[in-house]
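Step one of this worksheet: look at the structure below.
As written, the chain order gives the labels A, B, C and D, with residue 1 at the start of each chain.
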């Protein structure tokens, strides 16, 4: 590994993305448009044509051999989104190269190789491996974790998880449901409760007609933690409805639920249910401000604007002026904007950002 | 204006931020950490010490004279967050310099000067002025606009707005409430209904005891649009509760509300109320993925990780392995992680991201 | 008027129902099935055939002349559900007969006659006239009133009302919308704020295409109260969606809303939104217990049961016995109910109450 | 058993209430005030003084011996709310007397005696025994059952139940939690799924500090039904929060939840979540109408009114008259009620029903 970004003098982290199927392509796009301080320099995939397509779109080069990509001069860090069975060799190559790696779950596909990575890394002087359990970064999970840590629920006794998908491929069998879906609840449980899981039980029932023969979908999974807490998880991946991920933590002094499309909802010992009123505009519109800025920056670099223009500002001033007079007089006050200004530019009339892009 | 970012060869938009009070500092921070493709090169403020503090933090230089900042060689675009009375001169200077400007509301403080800017810009060959009505970028407003545009509510007949703040400074009088708060609903109404406002009426009632003498807080503002639609707006800025911005659009074939902490809630002609189930993980966890990536990139540049580590990956593999056996056997299966690996690194045990930073 | 129920010696209130259109028939049915201590003895309607049909169903007699019904020997009290223009004469006849009357709104159709009734009643020694503003008895309005009275919102400053209907007859014009729908919000405002209304303003906008020509639907009505509080009311009676009656009271120290299908939802000065967790089973299932009892009583009088039977009780005992063993052993315990008992009676298997009737 | 109510000629069902602890007293009060067609004639309790107190309040007589009460001449039906161990003898006495009985759960305290009752009743020509599973009469459970029966969820695969109490007596141990609380979910599961439970498993974890030593609170109970469906039930009776009873049914084509204080909330295959908008005023205010009528009847029998009076009717007429003029003129119209009428009666000013009573 070279010094970070040294070839460019920009300090940007130069990243190789290994595997550009759905997740890898999603990450490559983010690293190329929304994430600051990073740049994808190398793309690798089992299918070269796919790698080529992504690389072209984001201005990176293709390296067919993932190990060569890890060892490349223009790579400071690696994002692994290849199939699980490739992870062991690739993560080890990153450790050998002393290069940071963000590895999508699973770390590897068996216990021994995962433990070997833990032990190999423990002999280094810094952590290099991060695993892609992204829920730890979701604002709702973060709020729930904070509530627990702050003691807002007392001792957390039971965790109920629900994980439902709209639909999955035929190949998604019961074993795969554990490895690919329940694995998230494994990490969420460990994250929220801050302790290890010591046993697992799976309860199978009637399967949905949408499941292939022999596949138990849904299933109820029950974890027991080191201190004896219970975690239940309903895993149901062919609901035909949508993506529902809910977590309820039931504690000694209250319970809290996320995933209700209502942020964190708490039931507490004062007999109330509900949540927090947003305290201010930063919490409410912080994301909107960032989107506004990012799109303005992108538009300015293209030589245009992408949002409300001068006419919108003028109209607002005119209406507010009338509003101020209405406050003073108590009367209905007319607003006259005069002739609209349309000569040659896009700013007259009401300027909408590109809705599709913003969604 | 120089060619965008030409001095650096990086293509980044070099931005001068004028005014670094609360909003300006907030934007400057975003442009320096979360927004890609931009860099704040110059900071200007009436208070040099404040400008100095922000500039130091984000690696920019200070320019006392805002007009000089606009004209500087290392400035490609300008973000104006100065007090409203300074906007006229500064926006005009940006137009004169043919440089893009994002101007916080109000565009200017009187109708004539705002109209003059519209007309001056109309004689140029491209739009340069964007006004900071950030709600047009808020995902809920975007979804509501899309619902209207797609005809989901039929003809929108009435819009009800609520704008409440926790508290405001003593100086926030009734006139200021119109200019600073109601102005957002002016733009929201124009944005959602796609037409101009032609009259304003203000209804004053009993004021909260928290309001200074002579200040009408709350007030009910009523707009009439060109086609005769009605917009009501409750503006109440000393609620003591929090920040509540709600908008309900009542149409010929249903109604929809945002700002309920429930995304977009629709009541429609099939007699149902509710919203859309999140279709997939990108919609649910897209933001979490971006936070994960940004923090991993930032951590990698500092030589560490900032999220679940190798041990977390190992523990998940071990629990899932037991889970797969539990699926097969129908029995409770124990998980044994063996001795924890703690030698010298942070990855043994459950690795939490920095919660405060993530919030 | 005779002594209450004297002819029967039962103490039941013998009621004449005047007008058995939709509301009158609804009330007559309630007085004959769910309301204790009363009996409809006389039914009167402009259409004798309709009176006959209802009277037959509930075991009453028909009296064509409403005034004769009021004066009848077998009538202790009168419920008036005739058209508004008939109310003046009928209420006055009740006052003359010194007989209690529950009069559906409006009391009368003009101010002078209503005031005359007030003054005539004031010369009696007891109140006889009650007006059918039933919202004062709705548990949500009662809870909202209590919250205000207890000071939970501080001084109530603004009330926002929404009154929407699915559809109304063609004849429901703007004037009728005031007299028939807004009248409820008139009473709700007076009830909640405990003061009189001193002015009314109506704001008309674009009408829904579902409204007949010349009818303003929706309208925004604004009331001002004696102490200067503001009430806004959106009245929209052809929504095509359903029946929505919402009331939000905005006070000095919080706000509260009813009509959200969530009981009373409060936003308060501690920065929280939400409601009260049901404290116990009586609050949660009190209505269910009463329905259970009423239906058991009705069934017993018919010589049967109407709810879970002996088999349901047996099955529950058997499952709980297994559950207790499961608690003790930690094992899965099988339940064996033995052969089902079906000889000649309805109680084997799972006995469902009549769902339609219960809805 | 005598002919129903023959001694009185009123046709009322004459009921003996056995056991007037909390549940029995609650039922006795309902049968004496809100339930039509019934009258409590006899009260019996292990504690004569308690029986005396209740009997005096509701106008019944006391019979110390419950079996004598069952056999009494003035008793047509029996409500059993004694401790469970007394049920066997008392229910059998009712069967012997050919008299209908509503027995609070449990039917009896062991399987054999419950089955014996089922078999004894099967030899009669009509059902006599109803068991007090009142949830089958709760409008939310009824709506959920109807949704399932109508096929709205497809095949129901999994049922998740939550049963939480604020607090319970010290004596409420793990076994009691099964017999007294989980028993409701036993019946709910059978009712909703329309099939028998064939196995039970109980998962114990860390107990709340509020539980006595040795009591597992909370517990997770798992039922398996005859067709292989899974029911999970969290039973937690010392939450310190309140009474929460939730049921979620997860089907092949959607899921539905009750107990959220939002009526029935459904997630369905069209990707929407939500509920039904109330179609009309009967559904929204039906209960309020009944409360209004019952209180008016009760008040009329006492010689007064209990609700909005003539002044309220007059004020509404006056405001609506102004409203109609406001519609016509587009102006703000003043309302003048003239001097208030206070001479000697309660109807001037705003007349509130007794809030406590209405709650």
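In the analysis below, a residue touches a chain if its C-beta (ideal position, glycine included) is under 8 Å from a C-beta of that chain, and two chains touch if they have at least 3 such contacts.
The structure presented is a predicted model; accordingly, all values stated were derived computationally and were not measured.
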Which of B-D and A-B has more C-beta contact pairs: A-B
Rotation in the CA alignment of subunit A with subunit D, degrees, nearest 5: 180
Geometric centre distance via CA averages, subunit D-subunit A, whole Å: 45
Centre-of-Cα separation between subunit D and subunit B, whole angstrom: 49
Subunit A-subunit B separation of Cα centroids, rounded to whole Å: 19
Shared-contact residues (touching 2 or more other chains) in subunit B: 166, 204, 222, 224, 241-242, 244, 261, 267, 271, 273, 275-277, 279
List of subunit B residues in touch with subunit D within their complex: 265, 267, 271-277, 279
Complex contact set, residues of subunit D against subunit A: 154-155, 157-158, 160, 166, 201, 203-210, 218, 220, 222, 224, 227-230, 232, 234, 236, 239-242, 244, 250, 252-255, 261, 267-269, 271, 273
